[in-house]
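Shared between the two complexes below is subunit A, which pairs with subunit B and subunit C, respectively.
Let's turn to the complex of A and B:
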């Protein structure tokens, strides 16, 4: 009896420890990055580093602004392209499509989510980049095709399966009574979806978008392959850009003899981590508020 | 001719028959109870009246359901008008994800009903109904002074009609989901009535409710039958005895027997009805 009780306590504790460790990991990573980024933070103020556009490592100038702009713009562009289409697709599959179509589409979408990102990158180089170049030229913009727009398009394609599949699950989990109640009032299917089903599942749909956003924000290799990687602020979507993850992946381990370079990349990683973390946090707060309301 | 006339109605789920050759007229301005053991097709019969069966894949229907003489499954049928005419209460109430107030105005707003805007028209309409402890003239006077007078009055009227007004009048802006489940069901009733149906379909409307709330709903039904025809599905025999004027007994997808409640309960003809009423089958 005593032994069984002890066993129970022990399992309880070990599970608690596992949870603690997993949560602690985030803080450990952040602390490690902060520690390694200290030298550059000591040489320049954080404000200066974040707002300066001058990136000349050999001269000791590390302005992160173009990278931050590149990351944010590529992500926003991908969201603008992906979210409306994904929501429409998910609503169609969850609410209108016959069961067979829904199930087969689900398989394809899950498959898309599992494709390694380097393959999306190759697809980008072979298909997206030439098309974007042609469009750009047709609009009178000199460009190589390796542009912010190509990055946004690739990201949109990559986040689509996440957003569609999560949104679909969320909509399917809305109780049948919701639809019945709404339709029984004699309103159209679309009105029922808009006013009742979507409103009821707002939390989940926003979560789906947040998941997509986080994926796009941190995505590295595929974007790096198509976006051009030029450390300048893009003036239009047909200019190249250089997102933070690409900066880190391209340079870490390469130019380590340059003083402070290593530290600068660590700071870049820290910024990335904090932004994604902060975004999640804000999203949670918003979702919590919405949840509490209805 | 009664509002609802069902003729040779068959409904299938895939190849599985759910309703077999149902023919019956539902009397107007009465409470009609559909009784029978679970799985006998009561709910399917109810939902094929307002075509909520359309929501399921693979449902097949043949035969006719005539509502005011129009075949609801016919090519000219307008399903939105049909559902507006036949209000529906589900087993578990579902508060629309909005305030109590908006739950009531939602239907009229979407249907762009004129009473939502015109206080005098609404007043004329309300005069046709009897609502306990409701001073309509004073309410109209007050309504005339307010900007949203007509819609406020509409909300008050239907909440009173459903017997919920006194419990919620001070928190109309609160989310409907915060009400107790018994209150939610009365809100559902008010919301249904607000689109001005002529018939109310109720699918075991008290089965999720506590006895007290159930009694309240039953009382509202009794009061409403002067102006509406009510069809209620119930598996609670005592409830049917309490409120039904007319009874349909179903068994395994068949309509076994129907008639005035007195007859069915006191002099059932079919042995299956007798067995069900005595509790031998359930």
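Let's turn to the complex of A and C:
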């Protein structure tokens, strides 16, 4: 008996240690990156680094502004393209679709979420880039097709599974009574959705969008394959852009040979972690609240 | 009222169009990658290492990347599993208070959402600290960080579903938490645990950003943990960036291999969970 208890206590403690590790990991990652980013933070103020447009590593100038603008614009563009479509699709699946369609849609969405980003990028190069190029030329804009718009389109496809599946879950958590009370008044299903279901699940739908935003913000390989990677602030969607994750991924080769370069890239990673982590934190806290309420 | 009905019809049409667009996008991706990849596919692609002048269009294949990806993701799966299983079990009520479990779940969700390039950068920091270069070990560290939250969270969802009564029956026989966890909870949750592991494997094998500067790339198969290793996603990425059409075709073929592996893993995960769930008490 004593041995069994000892085993139980021992494994109990090691399991708790593993839990502690999981909780500390976020901070560990942040601290590790901060430790490496310290040299550059010591040489320039964070405000200067974030607002300067001059990116000349050899001269020791590291202005993140064009990259931040590139990331934000590509992400916003993808949201404009994806959000209306994904919300409509999710509402249909949650409210109108027959059970079998809903279940097969689950499989399709899971599949989409599982496709590696390099394959989305390849699809972008084969299909999206030439189409965007033609559209741009038809509009009288000189472009190579490797543009902000291509990046936005690919990101929009990639965030679709996130937004759709979270929205569906949120909508299905609205109690059936709420829906039925509205329908009993003799209004159409759509009116009930608009006035009751969506109002009930406003916060949840917002969280779904935030999660999609965070996904697009940190996406690296697929975007960098189609967005052109030119460190200038894009003037239209047919200009190339250079998002922050692509900056890190493209320059790992040189970063050890130029002073402060690795430090700057680790700072970029830290910024990504903080922004994306912050968004996730907010969205998940809201979603947990919803789960608990109903 | 008429207006309401018309409005509903319009929105329903929009919804169906949206859903169709999403499905079509997925279909287009699969069809195009399969079509382009199949054209360039050959048995050499799978079984041969890159030969001299491979990147100029001469003979060889991406066996180095296939084996490399399996080594990387296999190694990372073992490490993640060794950590994920205890964490997922510990999140039961018997081990830690619910409040802490909730915080841990939140931490795992935030980790799940962290961009893989950040894990790549952090893996790089660890590697500099340990004094190792781009290598199999470095890639495994970065990948297991990426896979850990996915695996843990998926397992924990399943373990939480095990009915409390079932556990109480076991406890009433005088078992310890460990005994109940292994002989009741694990047995009940096994299909879900396998599915979670496969899910994380599928994510890990397709990820490029985390191993970009931790694993490196090489034309041979690594013989030790401190040697650089090739991987399928990076094989696709590097080959498509070359200007030669013959090499770009191989990027499509490599992408097809990767896609098939990921789809296969997903399929097996589903079948596993369907097959095992026969023995489960609901």
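What to note about this one:
Criterion: the second predicted complex is superposed on the first by the 258 of 294 C-alpha atoms of A that agree within 3 Å, B and C clash if a C-alpha of one lies under 4 Å from a C-alpha of the other, contacts with A are read in each partner's own complex, and residues count from 1 in each chain.
In this text, contacts are C-beta pairs under 8 Å (C-beta built on N, C-alpha and C of every residue); 3 or more make two chains touch, one makes a residue touch a chain.
Note that this is a predicted model, so its numbers are computed, not measured.
With the two structures aligned on subunit A, subunit B fits next to subunit C without clashing.
In the superposed model, the vertex angle subunit B-subunit A-subunit C (Cα centres) comes to 100 degrees (nearest 10). More residues of subunit A lie in contact with C than with the other chain of the pair subunit B and subunit C. By the document's definition of touching, of the two partners only subunit B reaches A:178; subunit C does not. Residue contacts after overlaying the shared chain place A:280 against subunit C, while subunit B stays out of touching range. In the superposition on chain A, A:118 contacts subunit C only, with no contact to subunit B. In the overlay built on the shared chain, the residue A:199 is in contact with subunit B alone; subunit C does not reach it.
In the superposed model, A:166 makes contact with neither subunit B nor subunit C.
Residue contacts after overlaying the shared chain place A:99 against subunit B, while subunit C stays out of touching range.
Once the two complexes are laid over each other on the shared chain, residue contacts for A:188 go to subunit B and to subunit C alike. No C-alpha atom of subunit B lies closer than 8 Å to any C-alpha atom of subunit C in the overlay.
Looking at subunit A, you'll find residues 187-188, 191 touch subunit B in one structure and subunit C in the other. On the subunit B side of its complex with subunit A, the touching residues are 50, 52, 55, 57, 80-85, 87-88, 90-94, 96-98, 106-107, 110-111, 175, 177, 188, 191-192, 195. Interface residues of subunit C facing subunit A in the complex, by the touch rule stated above, are 4-5, 7-8, 11-12, 14-16, 18-19, 21-23, 25-26, 28-29, 32-33, 36, 83, 86-87, 89-91, 95-96, 100, 102-122, 124-126, 128, 145, 148-149, 152, 176-179, 199, 202-203, 205-209, 212-213, 233, 236-237, 240, 251-252, 255, 258-259, 262-263, 266. Those residues of subunit A that touch subunit C in the complex are listed here as 4-5, 7-8, 11-12, 14-16, 18-19, 21-23, 25-26, 29, 32-33, 35-36, 84-86, 88-89, 91-93, 96, 105, 108, 110-112, 114-123, 125-127, 157, 160, 164, 187-191, 211, 214-215, 217-221, 225, 245, 248-249, 252, 265-266, 269, 272-273, 276-277, 279-281, 284-285, 288. Touching subunit B in their complex are the following residues of subunit A: 98-99, 175-188, 191, 195-196, 199-200, 202, 293-294.
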